[in-house]
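Okay, so subunit A shows up in both of these, paired with subunit B first and subunit C after.
And then the complex of A and B:
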């Protein structure tokens, strides 16, 4: 099917050809569960909606879908939505990310919350 | 050795996703930073995040299975569940949040299967987080086009005469399937019946089967 001309965006996949369904399954790691929790909490507090989450995920495009994991895409979208709703600024984020990165080279070292 | 994965398999039999002991990724750095900023700005607390994770971890297909088993045993409840699954779930004491839930009854004449072609909408409060395949391009793309073939790949082979209804979820409307009660289960208790109700049977990619005696 020509996905360029049928009027649909990349995420609108229903009915397209695709390969076999993989039964690979993984358990969610702590950082993924935290991303999930941030989505539920921040949307529950009115910072954004599930539609806002999806808007950014869809605008990230097909390449992001293919190259980033599910919760990698989610934290990117959550972050974009939180900046848009003025929870914090891009500058504050950049400063904090640099601070986090300086703590260590593994997730365990860099994350202070236990 | 491609099959030498046993050191990385969790008690549930699935591999762990790379986590604390691998190099810090850009997106993990962002997660930590976002979480800390939200705590510093009193938007949330570390405790609230942990409580939310515990609540999500506690959700599993057992919740949906309890609803299904009761519906099998209690015709009045089944009528309620089919009429308003959100209200019936709340009446059972389950926190389903703001989700609009719709129950679909499999019968001898119709098989139902649930998909989310646009993203990954799933009745997470009833079944826990979705399996990876539910979010995959292959399942999202093919289920609406060739459900019979998809079902056969899950080991569910339906006669060609059996109509299949495919339900495409949205963020605001989440479907789950009430599978058919297996034959030979007339004497089972509601709890014993619930144990027969698998996650996949409530997505429609599986069926509930009687225990082998």
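And then the complex of A and C:
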């Protein structure tokens, strides 16, 4: 009634019509588990909190919600927060990404400790 | 308990309150479907650092978090299947105002 609905952000969905909810379960792949662990490590080390994770997920917008998987969105948000909190620079990230990519094209090849 | 003395705790259990109707941009922790709705304070939970500041990596003051109880009919109006059902939500003090403050809005 007197609640303003203009200015509602896309993620604030409570009370809106929604489609069917999938209750499919799936196993998480190794990289997804590592993203989850990374979030716990980052908050434990004090780089940022789950609030920062949420803030960037919201700012990524509805298109990211529709086109990226859950942990794809998480790793994008974690990366954004780590840059903002000076854990590393974008230049350092680029250097590391090139280094990992040079190890090989499969997840196993790119991992250390083989 | 003594450490909580500095946190503003303005709402007694049972107080009639309204969730502030504002719609700022940015990361906020009061869901839109409850903004402008009236309910009652069910309990004071504990003070927590304001997540709306933590979300930006900023130093954050502690705000009291309340459990607020709403009648479904007050939230969903005619769309409520069971108007006397209860909805409870956890809302920070800075999103809550006493009913007698709200009529000017």
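The rule we apply is simple: the second predicted complex is superposed on the first by the 107 of 114 C-alpha atoms of A that agree within 3 Å, B and C clash if a C-alpha of one lies under 4 Å from a C-alpha of the other, contacts with A are read in each partner's own complex, and residues count from 1 in each chain.
We adopt the following convention: contacts are C-beta pairs under 8 Å (C-beta built on N, C-alpha and C of every residue); 3 or more make two chains touch, one makes a residue touch a chain.
Quick caveat, the model's predicted, so the values are computed rather than measured.
Asks: Figure out whether A:42 sits in contact with subunit B (first) or subunit C (second), or with both, or with neither.
Replies: So A:42 only meets subunit B here.
Asks: By the touch definition at the top of the document, which applies to A:15: first (subunit B), second (subunit C), both, or neither?
Replies: Both partners.
Asks: Quick check on the superposed pair: does A:7 touch subunit B, subunit C, both, or neither? Answer first, second, both or neither.
Replies: second
Asks: Can A:96 be said to touch subunit B (first), subunit C (second), both, or neither?
Replies: In the superposition, A:96 contacts subunit B only.
Asks: For A:85, using the defined touch cut-off, is the partner it touches subunit B, subunit C, both, or neither? Pick first, second, both or neither.
Replies: A:85 contacts subunit C only, not subunit B.
Asks: Which partner chains sit in contact with A:54 here, subunit B, subunit C, both or neither? Use first/second/both/neither.
Replies: Both partners.
Asks: Decide which partner touches more residues of subunit A, taking subunit B and subunit C as the two options.
Replies: Ranking subunit B and subunit C by residues of subunit A touched puts B first.
Asks: List the residues of subunit A that touch subunit B in one complex and subunit C in the other.
Replies: 12, 14-15, 51, 54
Asks: Under the definition above, what is the set of subunit A residues touching subunit B in their complex?
Replies: It is residues 11-38, 40-42, 45, 47, 50-51, 54, 57, 65, 68-72, 75-76, 78-79, 82, 87-88, 92-93, 96-97, 99-101, 104-113 of subunit A that touch subunit B.
Asks: Taking the complex as given, what residues does subunit A use to touch subunit C?
Replies: Against subunit C, subunit A makes touches at 1-9, 12, 14-15, 48-49, 51-52, 54-55, 58, 81, 84-85.
Asks: Within the complex, which stretch of subunit B touches subunit A?
Replies: 10, 12, 14-25, 27-38, 41, 43-44, 46, 48-49, 52-53, 56-57, 115, 117-120, 129, 131-133, 135-145, 150, 153-154, 168, 171
Asks: Mind pulling up the subunit C residues that touch subunit A in the complex?
Replies: 21, 23-27, 31-37, 51-52, 54-57, 75-77
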